[in-house]
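Next come two complexes built around chain A: one with chain B, the other with chain C.
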Partner chain A sequence: MSSETKQILTTDGIPLEVSLKKAEKKNKIRAFLLVAPLLLFLFITYVFPIGEMFTRSVDDKMITNMLPKTFQAMEKWDGKELPSEEVFAGFYSDYKVLIENQTQGKLGQRLNKEKNGFNSITKKLMRQIKRNKIDENQSIKEQIMKVHKRWRDVEYWQAIKRTAPPYTMAKYLKGMDMYFAADGSIAQVDEDRRIHRILWLRTLEIALFVTIFCFLMGYPIAHLLATLPMKYSNLLMICVLLPFWTSLLVRTASWMILLQQQGVVNDFFVMIGIVADDNRPEMMYNKVGTYVAMTQILLPFMVLPLYSVMKTISPSLMRAGKSLGGTPFVAFWKVYFPLTIPGIGAGCLLVFILAIGYYITPALVGGASGTLISNQIAYHMKTTLDWSFASAMGLMLLSGVLVIYWIYNKLVGVDNIKLG
Partner chain B sequence: MSKNPEFVKFDKVDKSYDGKVLVVKDLQLDIAEGEFITMLGPSGSGKTTCLMMLAGFETPTNGEILLDGNIISNIPPHKRGIGMVFQNYALFPHMTVYENLAFPLRVRKIEKDEIDKKVDKALSMVSLNGFETRMPGQLSGGQQQRVAVARALVFDPAVVLMDEPLGALDKNLRESMQYEIKHIHESIGVTVVYVTHDQSEALTMSNRIAVFNDGKVQQLSNPAELYEKPVNSFVAEFIGENNTFNGEVSDISGDKCKVKLSNAEILSNAISVKSKGEKTTVSLRPERALIEPSEKMDNMFSGKIEEVIYHGDHTRVRVNLLGNPEFILKVPNSTSNLELKVSQEIKIGWNSYDARALDPK
Partner chain C sequence: MALPSYTETRYRIWHYFYIAICTFVFFFLIAPLFVIFPLSFNAEEFLVFSEGMKRLDPEAFSFRWYHEMVYGTKNPWGLAAKNSFIIAIFATIGSIILGTLAALGLSSRHMPYKGLIMAVLISPMIVPLIISGVAIFFFMAKVGLAATHTGIVMAHIILGTPFVVITVTATLSGFDHSVTRAASSLGSNPFNTFMKITLPLILPGVISGGLFAFVTSFDEVVVVLFLAGLENTTIPVQMWTGLREQLSPTILAVATCLIILSTLILVTAELLRRRSERLRGINR
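Right after this comes the complex of A and B.
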């Protein structure tokens, strides 16, 4: 009976595996149905928007749809000399349709982004077409070339051809201060216009320092929380959590009250004589403000994982370390600290990821030098309405976070994270 | 053999945590070099506090602790050179067995070769060679316990403290570990201060036992004396089983006395009674009372069997004797040709020198 090759049967003679599957089937279906709403919710609120963001960020179908005949004719064009009569004719008929639909303005704007000077020459062409100055029985190419000398410039036709593909990575390049040059190669933006790279680096820098500050401040607090007698630790826990429960805006606003030049902190410095009254340091609308406010706001995210890990470390381990001859420092460094690494990892990862995408606080107290990439994303969402660029930067931020997570997993191991 | 009889000395030590209650009261205790001494007592009796004061994790509120003639009250724990085995082992979970054992040697800046040698020796002492690279989490409770013992001994401390080290083990393992620790102690001659609330553990292992109750040492003596000659009714009650009679001394001459119960008078050793009329509790070990004794005994009474419980190697018989319905007799099963039945009347006898008239309960 114990032979391994022999199929095990139940008392009713059904193979055991089949019977087991049958018995578990109901439970599996029930379990799936229980999580199904959540799965659906996750899909609708997470997977779908991210997919939507991605398509939006690479989408470039507008011109593709506006100039179908032009691009069809351009397929044969080598792109080195002026295109043939067919291309001009295609462009003319496409453009006429646009004028009828009154959407020709969008084309001009969009092409102007690709190459400066398009706006005026498309408008000029429109006026010629509206006045019926173009004779469709003669060479369209000659007539368009006469409208403006730029229509005779091959670079403008090359620019139109570049907009042909329905998808483009241009927004991602723009996010890194790069663009497609006229010949299709990737070029750098002029040095004095490279704002995004500065923002990315600043975002990383601020997130890193905020994480370090949170760690330096959170570690002793968490240690106290874990070791104090219950009645004091509860009080301290409330002190940690109270700001956590307060509205983010309220907390940021109170930092504004504290940090402004006529604010409480500066008043105090003047009162104790550290700074002169007419020389109050600026602690807000710069990096200092962002550091201070973000560190305070993100501190609970460091304290809580650390606390939950420290709580599980038996106090007898430190005692053992000391009784075996380790000085209090050695016992801490060799015994206690290594055991808190899972909490440090969890806390730092949490704070860093939250900090890297932080928005409200830097927007309010950051000023010009303290804003982060997320403020730039919001700017494009709300002000320039360049949603595809905002999506591209959002996705770059997301992939940055994933890369950090991956590196962390390689270094520390995600299994070692303890959140509680 | 010039062993210091006062190697560890508690000199009039008091300890209070809150300034209101003394958990240790006027403790006077000398521990000889190489001795295995056990602090035994119910929980909350102050025994662990004494151990923590010796290890340096608690400071005496009053009085001094001396180690080899030196006052150590102001020496921090890491400079005392006292090994300690904790209740939950306190092995460092992120270090291998080797690293755990090497820890006390590394902090003492001992050469690598020497560390290897000492770790190897300590591991062979607890027969765990070959486990160097294991993590504590991969060991069974008994193995972790041995590692903890080896770690406390590896740096050759003068004194090793053990705080209920076997509490978490199951019964069989606990018994074999008791012998193992006892043998290690005998072979290396280190001074051991052992804390437990398990009396059989204390009786098995120790040279001397200090019975703690209410912050005071009730009795300090070797296991046999502790069992046979308890000095007060707490010790008699706490160590082993005990039959008691509460009464009043009616006559006393020398070390003998007569104790008047409600319905009879019994003869007993006078231990903590001095004069006639004193209240007293007479204590008698169950195995010292015999059923239908063949020889003459100076206490002979008859009682009714209330309950017979079979215990394998012996039978426990509960008898209502002299107004005490909880009188227990232990009858070895080899000789139990006596047909003991519930509600049977039997004669029970014991010698007065086995009975001890102690302080009243």
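Right after this comes the complex of A and C.
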């Protein structure tokens, strides 16, 4: 070979390296264009709306937009003693605009949430302004302070100042049973009113136990399915796949029939004499119902990943373990079980992720003590219409799920999810 | 599974215990579905086995609730079934088209950021339905598609595509790309190559993904509850209202029909899976 490196040229006279890079780039673009429609569709209809949930959950612009002059004047106020004349004047002119637009009621309601007693004093001020009792040529501060003694109380002005920022984390704190106290610090809700923390813990508890139950029940049958000869295992596989393909509501309905007080399970218990006929236990509308129904519904999601891993383990490994002197238990524990850990991880994470966001089954068979965080989100979306709070709770749940999803992706890889 | 004759007693006991557990779990999985069948033929209005049914008295059984399901006055099931099928069919078509295209791109070895994009595409399957429901509702309300069939179909395409992406990517993993190169070298354009070579080979994967998308849409209730108006009611929504409010055996008649439908889908999916495995076996 000569000392100077020869460039290899294609037939067009372009260096091969350049030509290859060009082809590579073209292929990249082509591959990306195939994915683009779905990606774009998902971004517009799904990913951005989830992002919008975030802006909705922290949005607190209503008062910021209602009292622009007040907040401008308040910037100079130290917040310790009664504010100056300019703040009162700013509030007066903002409030007059609101009265003209007839939106002053919303302000009163919103401020009343911040501090009790605002509704009546804003209404009183409105009546004074409507009757033209306020003389704009004199000190507005003095006149407003005469309307009601609460206008002389600095705490009420501090409450107005707290509503100034256009964004608030208050909804997230509410989701954890906390709130901003009068001095701006974070405080805990009274012990007997901490409903959300109970719900979070219950959701975690139910998801965790359902995962454990699914594992305990799924492992033996996945093992049986993987070791039986094909013609038997195919038949038994139907027992796993038929519930998997059957409507969730059908399965929930069948559990409602089975578990009711006059239901088949209770009939059976009475028949074998565990319980008295007039003392049938309540198995539905409580946690028992939620556990039983969710375990049965999510069991296929545990069995299928376990099965696909166990199928790849050669039976000769167990035989080797035994022939080297291990008892069947030792051979199982030291050889077989470690090999199934990827399947266990996949199944448990999948079941846990699905269980933590469950909604339909707990709502139907759970009753009051079986409801989960999803039910609370639906309640705020549909009944109280507090959408920003529902968004905040949803995102808190989502962040938890995404952490697990990330772990799942690291351990198993999303492209390794197997179906059926 | 026969045990060898030299097995010690304690392992013998353990083995029977293991078989007993497995039997119990299989029973636990499948038995609840079979309670629905006999009860749907109940002649009475209650959702419990009457004395007559326990004695197998023919008087206690009837087709009353099936009759009610089809001909009942002011009965929502006809409209619900129509809506369910229309929505599910369009959602399946949409999911198949978008999902298959994406899977083709994803399984190309030139695809940049493969892991990240895959994670985004699969996310509707992982994100709790209630959150998807809230987000999709906000979007549809903003663009004025809430309470329309179009809005629900779009929502179900979102939820259905991950299944198509997964199954088609899995089929393509055993796909021999030299056949498409052969077609190109013989002068076929990319579209023709896809229609004549690639599509027939990946068809089992596409159809089984489509079945998943169909079932997802047909069974979906959380998102529809947010989006649907009175005219968009579907079978799951009707069942949901029925189970919460007036528990009537008509629901069991509907449930029986749904179980039969899911059995048909299961059989189709199984046949396809075997065919796909056979085809991929040849390719290797």
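Assume the second predicted complex is superposed on the first by the 382 of 420 C-alpha atoms of A that agree within 3 Å, B and C clash if a C-alpha of one lies under 4 Å from a C-alpha of the other, contacts with A are read in each partner's own complex, and residues count from 1 in each chain.
Note that contacts are C-beta pairs under 8 Å (C-beta built on N, C-alpha and C of every residue); 3 or more make two chains touch, one makes a residue touch a chain.
Since the structure is predicted, the reported quantities are computational estimates derived from the model, not experimental observations.
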More chain A residues in contact [chain B versus chain C]: C
First, second, both or neither for A:G394, with chain B first and chain C second: second
Touching partner for A:S314 - first (chain B), second (chain C), both, neither: first
Touched partner set for A:G273, first chain B, second chain C, both or neither: neither
Touched partner set for A:P328, first chain B, second chain C, both or neither: both
Which of chain B and chain C A:G13 touches, first, second, both or neither: neither
Chain B and chain C contact sites that coincide on chain A, given as residue numbers: 328
Chain B residues touching chain A - in the complex, by the definition given at the top: 55-57, 76-84, 86-88, 90-94, 103-104, 107-108, 151-152, 155, 161
Contact set on chain A toward chain C in their complex: 24, 27-28, 30-39, 41-42, 44-50, 52-53, 56, 217-218, 220-221, 224, 227-228, 236, 238-243, 245-258, 260, 262-264, 267, 296, 299-300, 328, 353, 356-360, 363-364, 374, 377-378, 381, 387, 390-391, 394-395, 397-398, 401, 405, 409, 413-415, 417-420
Chain A partner contacts - residues on chain C that touch it in the complex: 1, 11, 18, 21-22, 25-26, 28-30, 32-33, 35-36, 39, 47-49, 98-99, 101-102, 104-106, 108, 110-112, 115, 117-124, 126-132, 134-139, 154-155, 157-158, 161, 163, 165-167, 169-170, 208, 212, 215, 218-219, 221-222, 225-226, 236, 239-240, 243-244, 247, 251-252, 255, 258-259, 262-263, 265-266, 269-270, 273
Footprint of chain B on chain A - complex, ascending: 314, 316-317, 319-328, 330-331, 334-335, 338-339
